[in-house]
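Each of the two complexes below includes chain A, the first together with chain B, the second together with chain C.
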Partner chain A sequence: MSTTNWNLEPSLESTAVVQLKDQYELFINGKWLAPQAKKYFATINPSDESHLSNIAWATVADVDLAVKAARNAYENVWSKLSGAERGKYLFRIARLMQEKARELAVLETLDGGKPIKESRDIDIPLACNHFFYYAGWADKLQEAFAGQPITSLGVAGQITPWNFPLLMLAWKIAPALACGNTVVLKPAETTSLTALKFAEICQEAGLPAGVVNIITGYGDTGAALVVHPDVNKIAFTGSTAVGKQIQKACIGTDKKLTLELGGKSANIILEDAPIDQAVEGVINAIFYNQGHVCCAGSRLYVQESIATQVIEKLKFRLQSIYVGNPLDKNTDIGAINSKKQLETIEKYISIGREEGAEIYQPTCQLPSKGYYCLPTLFTDVAQSARIAQEEIFGPVLAIQTFRSIDEVLQKANNSPYGLAAGVWTDKGARIFGLSSQLQAGVVWANTYNKFDPASPFGGYKESGFGREGGMHGLSAYLKITN
Partner chain B sequence: MQPKYTPPELLVRLKSVPPIDQIGTHERILKIQSRSLKGPAKLHGLRLALSMIDLTTLEGKDTPSKVRQLCYKAQHLHGLSPELPTVAAVCVYPTMVGVAKKALANSSIKVAAVSTAFPSGQAPFEVKKLDTLYALEHGADEIDMVISRGHFLAGEYNYVFDEIAAIKALCGSARLKVIFETGELDSLDQVRRISDLAIAAGADFIKTSTGKIQPAATFPVVLTMLGAIKDHFDKTGQMIGMKPAGGISSAKIALQHLLLVKEVLGEAWLTNEWYRFGASSLANDLLMQYQKQLTGKYQSTAYFSID
Partner chain C sequence: MEILKTYKLYIGGQFPRTESGRSYQIQSESGQAIANACLGSKKDIRNAVQAARKAQAGWAAKSAFNRSQIIYRIAEMLETRKGQFIEELVLLGHSNPAAVAEVQSSIDRCIYYAGWADKYQALSSSVNPVSSPHFNFSVPEPMGVIGVVACQETALIGFISQILPLIVGGNSVVVIANTKQPLSAVTFAEVLASSDVPGGVVNILTGKVAEMLPTLAGHMDVNALSLAKIEDHLFRNAQEAAIDNLKRCQLYSLNYINPKNQGLHFITDFQEIKTTWHPIEQVASGIGGY
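== the complex of A and B ==
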């Protein structure tokens, strides 16, 4: 029986669960308020460039209103509640998010371009789990810091990125509220919709007005939040360049700051590694979420004796990766989040070619509209090449080989970043040896891109400071007196 | 048995086969299982799976008439769907090979015989040899032999290698499938080791299980064996066939196995020349799902004949 080309048919997730509004306002003090400057911006679907909705653009006056609402809620309501009461609200929010999981997943995929199977199986369940996890801490904070007096900080200003919109919101809002703070959050301009849906969930949960405020807008909105004098804490996830500006703006203030910034993480395969699983791990490390992952394993170091085999296996594996409509349940790599980001990635791909690295991309038909990028491997990359040094934030992997463990350790640490690393080996001793010397906030052994609410996450060097997740994540939202 | 002995370089290699990480293996499988098969692609997959079945009866109470019934079904899977392919082979004990051969005389369906003291393999080599020769003399097109698990687990790779190589030498043009009984092999590393050994000793197909022991053809075991086949192909250009057997009783699981083959080995393996399902009850579920795809309705199991 002839069997050529057994192609999977498109299997599209229904968008019927999502009711988009024509226009979204700002969520301040439990109400939907029009922006005072009456300005709105469009949000589009990156998978086909279609217009989704118009979003309010908050200016300084709106930010001020939101901070005042948060201050008022902090002074008069939230800081007076017991931990157990705060926990009740958080549990309620977590359950409501679970109930609306399908709607949130479709919304995330429509607005951001990530494959539905990732928003459905990873982003949304993890975001719910973060709320459940921190809900549990709300009445046990003193146990976490035994013998040390703790107090909440006040108003937290939070700025989230576009790669994991709802998940990063959860990473920030859940611990902030559990610790007794109130929040003003600004989502990234290309992906505001799930944050706005989250505001509706807060209303439905009966969360007191002003405890969570969502202000949408561009960088100027975020900047107004950062410099606002009545904000006690800034938490930012995004690029290192913007992180540096924020840090400068906070100098001389008593604002507490945590930054989770860029990365150029090294993924290291030793010759005794489980090779097929390591290859799969490399795929997961760099192509997960189109490579829009701050801790993406974007530098691959393979030990010389197995390099040819690993690279051949990677090339073969790329042939069975489906790139296309993110709403298709079979899609592995969806749409690049924005035109601007696609241009950045394409710029780096041409830089890689100019630098003399050898490029490999699978043959695959991309949709005619929308922002798409083929998964890309670069081999023969120099350590000094820009594609090995700079964060690309896309599905582009720079591959180098190495001979000795000392050599790979030096090369892996030879980066201004230090967010994550991966080590693939069958030997436990090598895992411990390398992970204790790699300058990275997270080192994964024989796996990659694993997240759990109980596990702290954060960077070294220019990848930022402060930890999110786990018990460590609490200290970012508390004043701890020794 | 003529001592032939494992080539020394293979012995060295078997001591350190590529390690298999169980967690990573499971994750790869979950990715395959989350694939969505719809419409014509599903129909194609169902037809493909039917064409890959080794329709099997391996019971002490098998009778010539049961084998003849099975052979009829092998040729006419479902009266209402004459467009369906036939299965690939009928798999029986050596004593039934003659019956099956005669019943399938006018078809291209192969007759496979389990051999070498199936299912335990607990017999002297001379007995295994006679067992195999008997099946071949009665016309078996394919021999499904079992390995000596005891010798393998004891690390006596020479013995296992020689046994496979000696049976292969008897087979002539008949294709040799080597059954590992992975449910007795303890770890995925061992599964990888026996896969490399059997392929080096001349197996045309590698096969998971006898169907008599659980667990049988689990996804991690199958993925590990596919990995060995892929590495052998990358190194030598020679294709080796794969036959999961035991425990694959639903269309859904069978289709997931085919997707695994498609992604791990490539479409060249998606024919019954290189891929088989050893199964007795799978065919009816495939037929039921096939009718469901065509008509939109599930039919009663009463509409599908059991033998």
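== the complex of A and C ==
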């Protein structure tokens, strides 16, 4: 097998479209407010470790102010509007987001490190579409719950992760507002910028003050939001460990809770699968967004008869993956989101070696500054290995083989997680047989990592509960009142 | 001389005594001894969860139509034993009209949920019009094994209203019955045993909630909990124990005699939604649909 060094001419996306402020405040009740403790934290560009801006760090008092604003807006404005009127605001927000799509994409890439081709072609369009999708639900909610009277919940506290910052904001805010709730949202500390830009969009759209409040900060800010007694709903996307803390904090309250947590999703290739398509699918499943994807296909199961062939093709394909500056349009794998995450991934790579698995990484030059990780394959992985059981959240694939379908079903389901799964086979009946047995909220058959506002997403088991997207996503923000 | 019946547990389709070899006396409101019931233990809970897990996949794999028939059969069996259920309720201290009303409501509820078995899927599933050339659909699937603390205020209607929507949806259940009034639950087990519900789908234990619930709530092979109103600290501890494997918890405090407290969402509360994607090939010059 030949190895190639790809020396592509850089094709950098311009950052001229983005005007960063030196400092960002909290967005509460339609206004920009300085945090009461006067504390700020730095946000950096993970691709070169350069300083981008300073972000307000909200404390308990700020969170309280934001919840009060949301409560006031809920009681006096938002819950009194008709669904049709709420929908119009959402449509307007969606349109404004579309008009600022390139700015949002560049901002997302600068702040989070994801390749510009992904933020430009996937994250931002999907986020806009999510608002368009739920805008249309706002005046049709009762139709989705035939015979079951429904009502909005009140104030929703929402906490989003750093892997798809604006998209996860859209997944949270769009259905919440469509269903008649107001929100206080806390973005992840490493990726606040697009959420703050979104706050500007809300202002521009003329959204009534207090309907959307954005409070930035670390875990302590999120915790203050979770325990606030006047919050009616908590929606969290993040790690299973934090999700469990949140579930515990909500005991004894009437807070409705949805959790979208971790995963260790199995991607299964059967011997009759179209091999080249499957190999491309595996690459997309694990290396998309640097592997910072809760539903990443991080466990690959290949039927024994084709294992050698598949692994050889994967190794060959790895040589043509372009790791580098996320703003370069050629880049396939951008920067790891933070130093801390890079250390976690590196820790797991050494665990994989120590566990006796065989490692493969392509030869490739990484930028000298910034946080980068080579795409990594592990073969000869035991089912009990930590790299096959624990979520790594990086570009690291654990490959195992299997002989029978019974065996692979057992292995695939042998995980505390149950977010997603992939199945590659040419046989339709087998797809349905397998997909109905896999304990996962999303099954991609002969494809992987596809998302759409109309498609419900969420996990089984310790991957969380509740669904986001589609008609089913409405249930997270409404209650049935008998 | 009257013979006091001893009510046993119902686990895996069998009527074992508790492995702990203990029992407690069931008394009427006036304090008169009516019967003895097993004082279930932690080990009984573990045995019941095992039986429930073993039975669940087979139950879920039965056709929805068949599950409907089987649950309708429960209603028929209840009807035949109506007299016994009313008598037991009266023995516990219910007035005769109240007992008749509760048993009749329970039969009606069985018929109501029997009818849902092959319909809730249509109403809670969707074909999703995604923007890419994929066929995408979402369907409900049973959560698996559900731990239940039955209503502690009613003897029969609460119990039935809690478990039927769970088994209609293909789940299996481990139920801790009403501690003070367990007779109807155990008599209901006799109904189940003579209907066509496979052993292990419904498992019923009598005894103290405080003793058995921690094991049930913390059991790693239980997927969800349906909890009726119980003492605050038990309630809280159960929810904390449930976090280990992220059990879905539903807390109900309802007046089940009221027919408003039946409905589709009691079924979907214990369903997961699975979404499946598959590419659509563009064939010939035709343009794909869905």
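As a convention for this text, the second predicted complex is superposed on the first by the 474 of 482 C-alpha atoms of A that agree within 3 Å, B and C clash if a C-alpha of one lies under 4 Å from a C-alpha of the other, contacts with A are read in each partner's own complex, and residues count from 1 in each chain.
Just so we're on the same page, a contact is a pair of C-beta atoms (placed from the backbone, for glycine too) under 8 Å apart; a residue touches a chain by one contact, two chains touch by 3 or more.
What you see is a predicted model, and the numbers here were worked out from it, not measured in a lab.
Colleague: Between chain B (first) and chain C (second), which does A:Arg467 come into contact with in this model arrangement: first, second, both, or neither?
Modeller: second
Colleague: Answer with first, second, both or neither: which of chain B and chain C does A:Ala454 touch in the superposed model?
Modeller: After superposition on chain A, A:Ala454 lies in contact with chain C alone.
Colleague: Touch check for A:Ser368: first (chain B), second (chain C), both, or neither?
Modeller: In the superposition, A:Ser368 touches no partner, neither chain B nor chain C.
Colleague: Which partner does A:Lys329 contact after superposing on A: first (chain B), second (chain C), both, neither?
Modeller: It touches chain B, and chain C stays clear.
Colleague: Mind working out whether A:Gln19 is in touch with chain B, chain C, both or neither, as first, second, both or neither?
Modeller: The answer is neither, since A:Gln19 touches no partner chain.
Colleague: So, A:Asn446: does it touch chain B (first), chain C (second), both, or neither?
Modeller: After superposing on A, A:Asn446 lies in contact with both chain B and chain C.
Colleague: Which holds for A:Ile480: it touches chain B only (first), chain C only (second), both, or neither?
Modeller: Second partner only, chain C.
Colleague: Quick one: is A:Asp276 in contact with chain B, with chain C, with both, or with neither? Answer first, second, both or neither.
Modeller: first
Colleague: Which holds for A:Lys117: it touches chain B only (first), chain C only (second), both, or neither?
Modeller: A:Lys117 contacts chain B only, not chain C.
Colleague: So which one touches more of the residues on chain A, chain B or chain C?
Modeller: C
Colleague: Need the overlap of the two footprints on chain A, from chain B and from chain C, as residue ranges.
Modeller: Shared contact residues on chain A: 446-447.
Colleague: Which residues, counting only chain C, touch chain A once they are in their complex?
Modeller: 123, 126, 128-132, 134, 136, 138, 141, 223, 236, 239-240, 243-246, 248, 260-261, 263-265, 272-279
Colleague: State the interface residues of chain B toward chain A in the complex, per the touch definition above.
Modeller: Going through chain B, the ones touching chain A are 18-21, 23-25, 27-28, 34-42, 44-45, 47-48, 51, 85, 227, 234, 258, 262-263, 266-267, 270-272.
Colleague: How about chain A: which of its residues touch chain C in the complex?
Modeller: Against chain C, chain A makes touches at 129, 146-148, 240, 243-244, 247-248, 251-252, 259, 261, 416, 431, 435-436, 440-447, 450, 452, 454-458, 460-462, 464-465, 467, 470-472, 480, 482.
Colleague: Would you mind writing out the residues of chain A in touch with chain B in their complex?
Modeller: 1-11, 117, 121, 272-278, 280-281, 284, 309, 312, 316, 319-320, 329-330, 426, 446-447
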